[in-house]
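As written, the chains take the letters A, B, C, D, E, F, G, H, I and J, and residue 1 is the first residue of each chain.
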Amino acid sequence: MSELYAVRMDVALPPDMDPAAKAELLAREKAYSQQWQRSGHWRSIWRCVGEYANLSIFEVEGNAQLHDILWGLPLFPHMRMTITPLAQHPSDIAAG
Amino acid sequence: MSELYAVRMDVALPPDMDPAAKAELLAREKAYSQQWQRSGHWRSIWRCVGEYANLSIFEVEGNAQLHDILWGLPLFPHMRMTITPLAQHPSDIAAG
Amino acid sequence: MSELYAVRMDVALPPDMDPAAKAELLAREKAYSQQWQRSGHWRSIWRCVGEYANLSIFEVEGNAQLHDILWGLPLFPHMRMTITPLAQHPSDIAAG
Amino acid sequence: MSELYAVRMDVALPPDMDPAAKAELLAREKAYSQQWQRSGHWRSIWRCVGEYANLSIFEVEGNAQLHDILWGLPLFPHMRMTITPLAQHPSDIAAG
Amino acid sequence: MSELYAVRMDVALPPDMDPAAKAELLAREKAYSQQWQRSGHWRSIWRCVGEYANLSIFEVEGNAQLHDILWGLPLFPHMRMTITPLAQHPSDIAAG
Amino acid sequence: MSELYAVRMDVALPPDMDPAAKAELLAREKAYSQQWQRSGHWRSIWRCVGEYANLSIFEVEGNAQLHDILWGLPLFPHMRMTITPLAQHPSDIAAG
Amino acid sequence: MSELYAVRMDVALPPDMDPAAKAELLAREKAYSQQWQRSGHWRSIWRCVGEYANLSIFEVEGNAQLHDILWGLPLFPHMRMTITPLAQHPSDIAAG
Amino acid sequence: MSELYAVRMDVALPPDMDPAAKAELLAREKAYSQQWQRSGHWRSIWRCVGEYANLSIFEVEGNAQLHDILWGLPLFPHMRMTITPLAQHPSDIAAG
Amino acid sequence: MSELYAVRMDVALPPDMDPAAKAELLAREKAYSQQWQRSGHWRSIWRCVGEYANLSIFEVEGNAQLHDILWGLPLFPHMRMTITPLAQHPSDIAAG
Amino acid sequence: MSELYAVRMDVALPPDMDPAAKAELLAREKAYSQQWQRSGHWRSIWRCVGEYANLSIFEVEGNAQLHDILWGLPLFPHMRMTITPLAQHPSDIAAG
């Protein structure tokens, strides 16, 4: 069974972070995100315009897998998460 | 140019609404939503689990068209809207 | 696979509700809740002390089933819901 | 007499914490939690999905014992607590 | 064992309440409050200055009794409650 | 004339405070609090269960004296204060 | 001894109020306010620009008198109050 | 001297408003707004996309005139206002 | 033309500020405030009881002058400001 | 197609920033802002009176360009952004 979740991630990096450490951290974040996008679990990621934040849609086995993916984010210690479990909407034309 | 927006719609119907009027209103809402889904402007609609709310993704010409679509919703007078303009995320694997 | 969720339900009934209609509504709510408790899906329900609210733990197949159970609550139109998806905690002694 | 409480604990560790000190702190936290789980006072602990937070159910003698257990948490200085005293719900099938 | 709680009660009566029904309701509220004050369970009640609200201290057997007393308030359907469980403070000179 | 106030004090100490300096600060706080308790101005102090916070009742000459007492708290720079002026409640059995 | 308080009053009248009843209510409110201004207890009243709200400064005997004045306002059942007890500021040039 | 203010107006009409009365009210609102736009005092008005709200810029003599204009809005009893006084920004290229 | 504003200033100094630098900063703040009080622009300043905050009334030429005075405060970088533009209230006995 | 957005930017600089680094940062911010004002994309910028904040109106190609401009602000890491997409208001006299 596959489950859907919307996740908004708001990032707040310490203002005095070392530039090299920051670049390395962001590179790891990007690689990690793309690995899960390629596997099909991180279905969508959009930038929230004007903010250091993204809105993402995950399709995973369930709560545990979602937690594991998010917990493993290199930026996780600097993120505030808003989690919304999703279900099919009765007006969705795909509901048949 | 096409623009993306996330919209969360929270519905609050008056508790004493006439059942027939309510059924007619919800039928119109569903038809209206599906017409915009079929046109490709209302790309996704999900139920927020356990709430009378949905999270939707719109792909429209821009601000004006998004407003016109939302303002025309039969349920609009009973909805609280949260609008988030979206852009491509640099970690999106579709960013090339 | 079974999934866990915490749900807090805050109830606000219209102050001028007909007493007989209210009694009938609450009886249906109780019967509905107990049916899902007996099936094992509504694992726990506690009263939040001093408030017209409860905290409940659900164990269901996933997001869709949780939504269906909550949406079917006779009191649903009078409730504000707070949904928290849960996973096993690494400090849980049951984690082995 | 035994009393029930729901406690949500949100953790925020300083971003520049020494890794060894952090590992030692988390090990002490886990041991402390498991000791109270084994004694039966910390009845349940769940991870809130996607967040550095847990939801726990405590069954203790009363307010004083709950405070002593929480105050003694090695992570207490880094936690924000939300306390909800609980009572039996009249719809609970265990209410007889 | 006796337990202490602070309870803030904010009252919001419907603006169009019948004056006689309101007077009768408030008389019942006062009698109910004074009965529990006389029994020693409702230790203190103060008016929050300038607001239709009170701050009260309860000394009861525990969570269940506090809930029963508050739930039985004639004004309960018109109140918003804030509950704070209390314990002895280590700086209290009565702590010995 | 004597005036009553409820004061909730939420404490947040810097996580990297020197242990000796912290112990000395807390000892001064306790002595300061107990001096005002003994004088009868700090009528009650309770621990808010599970939080680094207290709820206190002050009986003082008026606004100025309350401010002076709170401003003089050794922990004042680390506290967030919530002040509620109190008056006799018409349902208080002591109201005669 | 005289005490100072800032009070912000936000007014929300029912949208369907009878115009004559509303006019009579507002006339009583104005007369009541001016009586306390003339007595010197209601030192200042300003309109908060663009809002159905005022900011007022009261100079009264203490908490009880402030409550009695506010409680007696004809508009009191339609107001939300924010009370701030005031004291002399050390930078006030009138502090001597 | 002319003063600038940003005003956000959020509208909430009663859901059961008579359609003719509503149409008449909205026509008066539009005429009133356009009269002040033509006079140059209501410099800009934009729809907040997806919401029954507008963001407006006013250029008026000062606080009193702004209040009079807003208070006179036919929709005023149904609006929640957020007022932000503005001044020239030092980075404004018009600052010379 | 003279304009009135209420300003609430909440101060938060870094907990590790050098005592001499802090004393010098506060002395400059006091001198600056008193200069504007003597000029008649800073009409009133009161301490908010129990908080590191003040409520002030300014009478200035308009938005620009208010901003310049506040921006120039030595404590400005450590303050959170709440600005309320004021106008004469129709119930003010000075309204004639 | 051109799109309009209101953006409120709240600035919070670290209190211990090096004065020279701060001056250089602010100079770059000003130059950056003025370049986009001159190009016509940053239509208006106003100071929010009494706050380290501005309210700005942007006219850009769409979401992506707005994000790029804001993300490039030298002060971006120190800003909290509030984004409001705008559309023509039906009462705007320019709507024809």
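As a convention for this text, a contact is a pair of C-beta atoms (placed from the backbone, for glycine too) under 8 Å apart; a residue touches a chain by one contact, two chains touch by 3 or more.
If you're wondering where the values come from, they're calculated on a predicted model, not measured in any experiment.
Trainee: Quick one: which chain's Cα centre is the longest way from chain D's?
Mentor: Taking each chain's C-alpha mean as its centre, the farthest from chain D is H.
Trainee: Count the residue numbers both chain G and chain I use at their shared interface, divide by all numbers used there, and answer same if that is over half, different if under half.
Mentor: same
Trainee: Quick one: report the Å distance separating chain G from chain J, using the average Cα coordinate of each chain.
Mentor: Between these chains, centre-to-centre, one finds 39 Å.
Trainee: I'd like to verify one number: the distance from the centre of chain F to the centre of chain I, where each centre is the average of its C-alpha atoms, in whole angstrom.
Mentor: Distance between chain centres: 27 Å.
Trainee: Please work out the Cα centroid separation of chain A and chain B, and write it as a whole number of Å.
Mentor: 22
Trainee: Tell me, which residues of chain A touch at least two other chains?
Mentor: 4, 47, 49-50, 63-64, 66-67, 83, 85-88
Trainee: Can you give me every chain pair that touches, using the contact definition above?
Mentor: Chains touch in the following pairs: A-B, A-C, A-D, A-J, B-C, B-H, B-J, C-D, C-E, D-E, D-F, E-F, E-G, F-G, F-I, G-H, G-I, H-I, H-J, I-J.
Trainee: So in the complex, the part of chain A that touches chain C is made up of which residues?
Mentor: For this pair, the touching residues of chain A are 1, 3-5, 61-64, 66-67, 83, 85-88.
Trainee: Considering the complex alone, what residue numbers of chain E touch chain F?
Mentor: 4, 6, 29-30, 33-34, 37-38, 44-50, 54-55, 84-93
Trainee: Taking the complex as given, what residues does chain I use to touch chain F?
Mentor: 13, 15-16, 47, 49-52
Trainee: Spell out the part of chain B that touches chain H in their complex, as residue ranges.
Mentor: 5, 7, 14, 63, 66-67, 70-71, 76-78, 81, 83
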